[in-house]
Every structure is written in structure tokens, then in C-alpha cells.
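Think of it as A, B, C, D, E and F in the order they're written, each chain with its own count starting at 1.
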Amino acid sequence: MPRRDGRNDDDLRPVTIVPGFARNCAGSVLYSCGGTTVLVTAQVADAVPPFLEGKGVGWLTAEYAMLPGSTPTRVSRRTDGRATEIQRLIGRSLRAVVDRQALGPFTVHVDCDVVNADGGTRTAAITGAYVAVALGLRKRFGVERAGAVLKDSVAAVSVGIVEGRAVLDLDYSEDSRAEVDANVVRLGSGGLVEVQGTGEGGVFSRAQLDALLDLAGAGIDRLAAIQREAVEGG
Amino acid sequence: MPRRDGRNDDDLRPVTIVPGFARNCAGSVLYSCGGTTVLVTAQVADAVPPFLEGKGVGWLTAEYAMLPGSTPTRVSRRTDGRATEIQRLIGRSLRAVVDRQALGPFTVHVDCDVVNADGGTRTAAITGAYVAVALGLRKRFGVERAGAVLKDSVAAVSVGIVEGRAVLDLDYSEDSRAEVDANVVRLGSGGLVEVQGTGEGGVFSRAQLDALLDLAGAGIDRLAAIQREAVEGG
Amino acid sequence: MPRRDGRNDDDLRPVTIVPGFARNCAGSVLYSCGGTTVLVTAQVADAVPPFLEGKGVGWLTAEYAMLPGSTPTRVSRRTDGRATEIQRLIGRSLRAVVDRQALGPFTVHVDCDVVNADGGTRTAAITGAYVAVALGLRKRFGVERAGAVLKDSVAAVSVGIVEGRAVLDLDYSEDSRAEVDANVVRLGSGGLVEVQGTGEGGVFSRAQLDALLDLAGAGIDRLAAIQREAVEGG
Amino acid sequence: MPRRDGRNDDDLRPVTIVPGFARNCAGSVLYSCGGTTVLVTAQVADAVPPFLEGKGVGWLTAEYAMLPGSTPTRVSRRTDGRATEIQRLIGRSLRAVVDRQALGPFTVHVDCDVVNADGGTRTAAITGAYVAVALGLRKRFGVERAGAVLKDSVAAVSVGIVEGRAVLDLDYSEDSRAEVDANVVRLGSGGLVEVQGTGEGGVFSRAQLDALLDLAGAGIDRLAAIQREAVEGG
Amino acid sequence: MPRRDGRNDDDLRPVTIVPGFARNCAGSVLYSCGGTTVLVTAQVADAVPPFLEGKGVGWLTAEYAMLPGSTPTRVSRRTDGRATEIQRLIGRSLRAVVDRQALGPFTVHVDCDVVNADGGTRTAAITGAYVAVALGLRKRFGVERAGAVLKDSVAAVSVGIVEGRAVLDLDYSEDSRAEVDANVVRLGSGGLVEVQGTGEGGVFSRAQLDALLDLAGAGIDRLAAIQREAVEGG
Amino acid sequence: MPRRDGRNDDDLRPVTIVPGFARNCAGSVLYSCGGTTVLVTAQVADAVPPFLEGKGVGWLTAEYAMLPGSTPTRVSRRTDGRATEIQRLIGRSLRAVVDRQALGPFTVHVDCDVVNADGGTRTAAITGAYVAVALGLRKRFGVERAGAVLKDSVAAVSVGIVEGRAVLDLDYSEDSRAEVDANVVRLGSGGLVEVQGTGEGGVFSRAQLDALLDLAGAGIDRLAAIQREAVEGG
């Protein structure tokens, strides 16, 4: 039985990536998967945070916000606890592929602004941010040095158990009915970076977690291919 | 002698308006003029601010922000004095065409987020916001009631004196060299809503102000036609 | 037909300037025009903002606040959008007459605190601030260097259309009924620094704007003479 | 041996009280003692804080601020710990003479803004505030009801030990050299409301405290007479 | 080979629970595991957040803070991103065992203040909070109703891969060297509530995650028994 | 007639001091007097505030907070005016015994967190803080240098007039009924550091103040002995 939008349980929503969407910012993409659209920009600043001064290594930091018109009812611009949690996750995920020694004394600022929210905004932000960072580093430092800084690719996807079935890449309507919800962040080459599974009004078993991780792995393989194409073509 | 980008002194930059850019929000447009791009969303909330409670009339309020990647060097998300001043101008300009009695006890929230900044972001925000509000009111209340609420159209343009010449619709490079800079907000039907002329490192004469207002008037006539088309086609 | 307080349409309210009102601060004046009273202080600090460090030029910045007892109903001390907008206008207006090269690496801090509000507080603040700054610079640097720093004088006045008549220097009762309201900032020698015309619940024509600018010009000529006297006698 | 300004150890500085200084606010005074000048306004609001709603009794609250130009070096407008402490003292002192039952469901807002600081600003604020509150209540409720609300008068003075001598009403130069510093708040009829004695870089004995309290008592007797005159003549 | 403190890989640190540590607050415990000590208090307020008003169901919310002296170098009291993330996790974890319908229109406030930090403060906070909430509900509503509100118990533990070995309940020195770090929250009866695995400077495989979840499960079984004893004896 | 808890009017509540309560922080004590318990930590940072940079002298600063569970009804973590006032008092009181020259360019951070509040939290904080600071300085600098920095001991106690009787060391139920309330801070060797007497809904006479100061003196003598023992044994 297909899902409300016709997808099978292991289908991703269609992904599109528009590079250079913010013209002033080389490392920018408009990333969409289904009804979720996120504008991600990556900018390189010639400075590091105080705790890294004089150490010769760089940093990457992220901010995440819902734009006020991204949901049917207006969202306030105030950074709440959810946004704080998400931007920390985005930062950790991207730092997993940045060789901070190779980067040198620079800070990469990643900004993820949700233009339209239909579930999976944090995983869309991570997947899009990898492309934005790759494009931004190439523009700033050239392809070779950018390659030395980015050791691997990283992508993320949500999975969940909805009405008893494990499904990939939940949209908002699925997400709000899910019994279990997990976000998985993984390298293109396979290593897990972050697994966050949460029972939403329920609990989950080890077997269910395994099924979700299987689904996520297959989805991330496909996202990694899409990212590769976007970086090469960007 | 044409301008750096080939325009004549009285030429607008090319304008494009993408309606429905934020899918969840009927009243949304991506408004571009030249290199300046602003995402404008208009949402109708079923409530009024405390000072209007029980009075039966509505309100319109606006917020304005530069997205961090909108300029070559990252912009902080903090609302500074400039943004405060601009969002107040946007709010006043739009309220000039809203019949708050006809609107009834609702608040229209306008949000203007600058995706890419190349001069004239505040005037782009006003011109785009009129279209977003018109589309949002039509979606919410139907064409007839929306027409009763919006008494007229409103648009804005910047003008300035650059190297001694009065020019229309300054881009960033012109704006930063301008001796005088004015923003003009006008109804589609002709009445002036707001005139803000500022000497930037210089002063100006009554004759210069007159020349700028002439240029602005012609530009706004053209913008009003573009707005009309976008609302009808949106 | 005279106005409520007996003035003709082109009359200013009576102006008084008490220099040295805050004894610790050489550059201080209590400026009154009719029922509007503003305490303005100007202090010179031996430092410049970060963006000017090492450049050898100075800066002038302004803050504006309504004291809580300045209106019949108490005003909160919180800096709102209106105050932000006004203090930016005051800063720009004063910087138009300050030769920042001649000033050298100092910051002039202007503070305008409204003791009693009866319309025209922002223009009173600008007109009084010029006197406070002139006195403060003379005290700090001597008459000669102060003269090199202040290239000209600057004053401001409000004008508006009230019940169809263009009037000068609106008091609160006129201001709250005005159809159009403009604030004009001008050098003593004649050049316009800033023109801000706003339709308040209405719109205005080019002819009306011209009439208002004529009125304002005559008012500012008189204010410039009063300022000159206050600085020489201060 | 007289003090630097010629006073004897038990002399107050000259006091002047200008009632109605903020014209819009009946309960306003400009209170000066020597070089210290405080603008105090008292306004009656038709509401009580949440914790008193429905109880039929009123409240009095105070705010205290140094205006930026009140000291030779500019003071920031930020409410710091010292200001917080002082405004709580002012509030408690005034509430000691307000019959909150007789006041009924109203809040008296007292605002004390220091125009010029030369020592003793908090005691000047309290002494001036009593006059402002008395005038404000009379204007709002009439002399009779105001009399029922204000059960007594209250005034305050500073005392200290400077170079081994107990002196009354310290100016800034004395205050900054004082070994011990005390602020005494007392009813006109004699009862102590608040005694705050602090060793500044030193400690003090019971005998010294007694000498200071004697001095303060005589000073407050004189201030109470000056207050009485100001209220009757205000 | 034993760990630095003599434990085997699958040993918990010694746990002590002091009930009633804050005497005014029935639902309070001082929870220690090894060198980590957290004061947890649970208080029941007779109100619900706005989004639940009139719905008859209750809420549970949590705050988490490091006390300034809890680490060798002082910690600021400011709530940073890490604390925000942790307090959201604590709240979700406890809500997993609260029957909000049975609770009725009350809010349980859980506060976790870290007295001494030696790794695992968030999992200690969750494990201690369950005991504090159980004691607080019993005191407020009696044992029977408390039992209806708390459907199950919940506990949490950290696990990680340190120098290639999967270990249970990491102390600070292990945590700071861990290649992978996971926090597991589980019901006493076995269902997983939350799994958060993070590669710290590395990535992890599915097999490693499985080993960690096995370790955590055994640890939580022991913690659940300790909790049961503390609630019955508290 | 004894007091509610059986004490005579001049009895202190039982005092216990647990040194090293926060294991990471040498200068920490859990200080209790009756039902009031305060966790005090003292940490030495290798830096001074900006206003002391390059002067070679040190500083001591204090923060005070009520933990949320310290009172029957939850206390918010927000620093309000009362807390601000108290932490300033604690800082001044401790600085009275610190030789800042002997300390050198270090800052002692004192943090007082109220675990359980039953009256007298600010005086408990001061008395406990002396012990925490003494222990912290000894740990950091050795007994000899710590002795040179701490010139004397300091302790504090509350006194008040309750139902007409002067009593020592008020608990919450006495404090809330007191007509007069005073906090006295004194050196171990006898000099007064701070006296703060406040009429709470009443006023007080010189004779009453004298009786309170007598009571306080005797109490502080006993506290000083307890402190001495705790420091030597700590």
C-alpha cells in the first residue's frame, strides 16, 4: 500500500538543488526535498573563535532558523530550544567531514533558513549544507585545497515508524503521526556520525531501531550520489 | 553615457516576481530587481494587537531582515537600528493602502527576508510586499473582500545623485557612491506616501530634490503596472 | 484664523536654551520650544568605535529617550522602534556638520532626553544638540579647533498639513490631527540634510510638499539665528 | 575647620525644589541639593501589579537612573546592580508613608533621573520623591484623599566619616574619600525607616554609628520642613 | 584490564540517592554516581502552559544547569546551547512515563542542578529526576494517584567507545577521550525512549552501536532497581 | 517564653558546615543554619576585571541565587532585583577582609546557591562564603599566603523585632512577621562592616536599633568561632 503521496516505504521525496541561489555567496544552495525547502549559505571568514586563536586550526559553525512564512501559521524569529538543538546537530555533522588542520585559521559559517517546512528540515539542512560548504570552499580556496579540507561527504535523512510501518523520509503529515522518529547522519563512505532515535508518545525496540537504520542507510546512499552530482555541476 | 550595467539614468533594473514561492503561505513572492532578491510572505492572523482589541479594526505589521548570506561578508541575525527603521517604513507604507475597518479584527504579518542584497532592498521589500499582501488577502478572503481591504496599490523606488547625475533605482555600487539618496513610496494612483531624502556626506538643494521626485514618479508608474500583472496572474 | 495657541501658520513656538544645565557636562543645554523640553548633553570620549580604530578620524553618535514623566501617561524606558529611528536621524544630522578628520580620534556622544513632550521632540533634539555639541567642543578643544570641527550649523523643524493648512512647528494636538507630517533638517547655510515626509492616514502631492518645504526653510533660518546667539553666549 | 565648600560638619547643602518641572506631569519636581540635581516624576496608573489584582489595595514602585551626561564621563543607560539596589530602596522608603488601603487599586510610578551627580543622589531622590508623590496625589485625588493616602512625610540624607570627622550630606569629593558612609531614611515624625551603614575600605564602631545617626536626624528635621513648604506651595 | 578507577567495562559507578535533600521540596533528591552529583527537585504547580489551558491534561517541563563551582574552572550561569539541548532531553524522557491525562491540570517542574560534574550529568539528571518526580507526586497526590500518573520508570546511562573498547557509564576522563559516545534512555520495563549516538572526532559502525546498546541495557536494568528502592524508601 | 522552635531570643540556630561539598572545587562548603542551606563555592581565576588590568591588585566578586526548589513554590532562575542587591552585599562584605594587594592579579569568584530557604539566606551566604574563600585560597596559594590575603574573618547574622521582642537569627516564619529586620556584617575582630536595618510595615527607634546591634554582636562572636574551627578542620 503506497503512502499518501504515492511513495513506497523506502522512497525518498524528489530532491532538487539550485546552486548559487544567493548570488553574493558562492557557497549557497536552495535545497528542496518534496515540500521542504531550505536556503543554505556557507561563508568563509578570516578569523576563528577565541578558543582557537593562535592554534592554526579552523572551525565550522551553523545557525538554523524557520523563516516566518515557512509554516501555515507564522513562526516567530526568536531562536527557541528546538532551533538551538538543531543548529548544534548541523554544526557537529559538518565538522565530522572538515579537516580543521587543513582548513587553517578560518571559520566556515553555515546558515540554514527554512523557506518551506514539510518535515525533515534538519536533515535537509545537513544534506544541503554539505553541498554549500563544498561549493564555498572550492570558490574560496580552489578545488584541490577544498578537497583536502573536506575529507568525505555527509548527508542525513529521517526515518520513522508510522502506523506500524518503517518508512523513509517522512513528510510533515507522517512525522506528526509517527510513533518513533529517528534522524540519521552518515558519511558518504558509510560511517555513522549521529543517530538520534526518539519515541514520540511511544517506545521502541532494538529490532525496530535496526529496521530504521537499514532504511536510512539506503536513503543516504542515494543522497550521497545526488550531492556528488551537485558539487561537480555547481 | 550609460551606467555601469548599461542602463540609462531613468531605467529600472529588470523585475521578476515569483508568486507562491513559500508553498505553505499563499501570500508569498520572491521579488527580484537586478541583483536584489527579497522573499516576502504575508500571513493573516485571527487576532489584533492589544491596543486594538475590541475595536473591530485590523492591523498590518512588518519585519525586515537581511539573511546572513545576502552580502559578501556574513550579516548577523541581530535586528539592528537600520532594520528597525526599515521595518517601520514597510509597515507604514502598506498600511497606507489597507482599509483597516474593511479588514476587520485580523493582523496581516508581512515578513521581508533579503536573500541577496544589491541596493534598494527596502524599496524592493515594499513593492514585493504589496503583491504578497494582495495574494494573501485574496486567498484568505476571496477577490471581492480583498479588493475592499486594499484601497489602492503601493510601490517604492530609490533615486539618488551619483557623480552629479540623478539616477533611478540605484544598485549597491551606485548607492555607496551617491551624494544624495532618496526613497519614495507612492500609491499606484499617484499620491505620495513617504519621501525620505538624505544627504550622504553632502547636502542637497530643492531643485535636486525635484529632479529626484520626477525620476521616482516615472519609475513607480512602471512598477505599479508590473504589480498589477503579478496580482492578476498570481 | 490663528492656531489654537494664537500662532500664525508660519510662526515658531517660543524657544529658550539654557546652557550648562547639567553642571558636570560643559556641552549641555535644556532646550525648550513651547511645551516641548529636551535635555541634551554632548560628551567627548577619547576613543572611537571599532570600525574606525587606527584611521585617525572621529565619530558622533546619538541616543534619544522619552523620560517616563514626559507624557501624561507614563512612558516605559525601553528603547522602542520609534526611539531607534529618531536617534539614528539625530546622529546623521549632526554628523553632516562635523568634520571627522578635523575632530581626530574622539567620539562625541550626544544624549537627548525628553523632559516634556508636546510635539516636535526629534527636531527640538537636533536643534538643541547642535548647540550642546558646539559648547562641548569649545570647552574641550577651544574655540578655534571647535570651529574647524563644526563646518556649519544644523537645525530641524517639523511642518505639516492640518485641516488643509500648511503649518510650521506643530504641537502635539496639531501633530495628532495632521494629514501630512514632515521633518526637515537643514544646514544654517541652506543645504538640505534630510527631508522626511509622511502621509499620516492620507497621501500628499508634490505641491503640498513644496509648500511645506518653503515653511520649513523660513523656520530654520530663525532657528539658526537663535542657535548662533546661544553658542556665542553659552 | 570648615569643609571644602565652606560648610560646617552639620550643614546641609542648599536645597531647591522646582515643582511642575515636567509640565505634563502634575507630580514632578526638579530637586537640587548643592551640585546634585534629580528630576523626579510621580504618575498614578489605574492598575495594580498582578500580585495585587482583586485585593483592593494599591502599590508604589520606583525607578532610578543616572542620565548619561550626569557625570564628567558618560554613564551608560543600562540598569546596573547599583541602580537596581537604589530603586528598591526608593520604593521601600516611599511605601513606608503610603496607606495602600486608602490608595485603592492604583499604582504610583516614581521615576528619579539624575541630571547632575555630586554625591547623595539616592537620598536626594527619596527626599524629592516624597514631594512629587504628594503633589501628584493632590492633583489626581484632591488634597483630602491625598492626605489620607500619605500618612506621614519621609526624607533621607547621607552621613559619613571623612578624615575622621562625622559630616552631614556628603558631596562627591567627600563621598569618594569617606571611611564610612551611611544613608538614613526617616519619617518626618521621627521613626527610622531604613539605616544603611557601610564601611568603605574600613570598618566602624557602634560609637561612630551613633554619631552619624545623630547628625542625620538633625538634617532630616530640616529637610522635612523644606518638603512641607514645597508641598504646600507646589 | 580494568579502567582507571578499577571498574570493569560493564560496571556502573557507585550510585547514592539522598531523598528530601531540599527540605522545602518533597520531591527532591541529591543523586550521585561516582564523582557526578546532581540536585534534582520536582515541584507540582497548579497551572498548565497556555497551549494546554482548558484541555484537562497536565505537563512536565525540565531545566538543567551546571552550578558555577561544578567544574574545576568556573561555569557561567548563562543557559547555553548545550544546556538547552539537555533540558529538552530530560523533559521528553520524563514525559514518556507520565500519563498526562491522569495527572490532570498540573505542571511538574523538574530542576536539575549539577553540584559536581564528572561525566554523565545528563543521564544522572534523568535517572535522579524519575525518583524526585515519583516522591513529589506521592507527597502531593498520595501513593495511589501517583502510581496512576507514573506508568513506568525511566532511567538513562551513557556508553561509549574508549580506546577501542565499549564501556559503560563514562567518567569525565573517559568521556573526553571517547571516539563514540551514546546516551540511552529506557523504561524500567524495557522499551527504548531515546538513543543518541554521536561520533566524537570519529564515526561508528552498526556493530559498534549494537555493542553499546547491549551494555546500556544491562546498566539500566541495575539503575531501575536502585530507583525502585529509593522511591519505596524515600 | 521560648520561640516557636524552642530557642531563646538570643539563640542562633544550629550551624553545620560541610567542606569540600563540590568535589571539583577546593573552596566549597555546604552551610546550614537550621532549615536554611546554602552551597557556597569559591574559585580563583587568573584574571582581573578590565578596570583593574595592569594594576597588580586582585578582585572578589559574588553571585547569589535561589535554586528553584529552595522554597515551597518554585523560584524562577531569573536574577531579580533582590538577588542583585544581595550579591552586591556579599561581594562588599568579603572584600572587607581581602587584602587585594596581597592577592595579586587574581579574581575570587564566590557563588552562593540557596538549596533550602528558611530565612537568613543572605547572612548564611556571607558566613559560609568566608569559610569557602579561606579554604579555596589555602588550597590554591598555601596557608601562609592565604593568611596574608585574608586579613580577618567576616560573618553576618540577621536580627529583628518580632511581636515586640528583639530576636537573633530569624527563621522564615519570624522574618515574615517581623516589624523590623536588620542584617549585620562584622569582622571577627569586632569592626562593623555593614548594618542594614529596615522597617517592614513599621518604623524603628534608636533604642530598638541598639538592642538589635547588641544581639547581633553576640551572635557573630559565636559564628566567628564556628568559622575558625571549620577553616582549621576543612
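Basically, a residue touches a chain if its C-beta (ideal position, glycine included) is under 8 Å from a C-beta of that chain, and two chains touch if they have at least 3 such contacts.
In this text, all values refer to a predicted model and were calculated from it rather than measured experimentally.
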Reference chain A; chain at largest CA-centroid distance: D
Pair from A-E, A-B or B-C with over half of its contact pairs in common with C-D: A-B
Which chain maximises the distance between its CA centroid and that of chain C? E
For chain A and chain C, what's the span in angstrom between their mean Cα positions? 51
Which whole number of Å gives the spacing of the CA centres of chain D and chain F? 28
Using CA atom averages as chain centres, what separation in Å is found between chain C and chain E? 60
Can you list the chain D residues in contact with two or more other chains? none
Quick one: do these chains touch in a line, a ring, a star, all-to-all (complete), or other? ring
In ring order, beginning with chain A and continuing through chain E, the chains are A, E, F, D, C, B
Residue ranges of chain C in contact with chain D within the complex: 21-25, 28, 35, 37, 39, 41-43, 45, 63, 65, 67-74, 77, 109, 111, 113, 115-118
Interface residues, chain D side, partner chain F - complex: 81-82, 84-85, 87-88, 92, 96, 182, 186-187, 191-199, 202-206, 209, 213
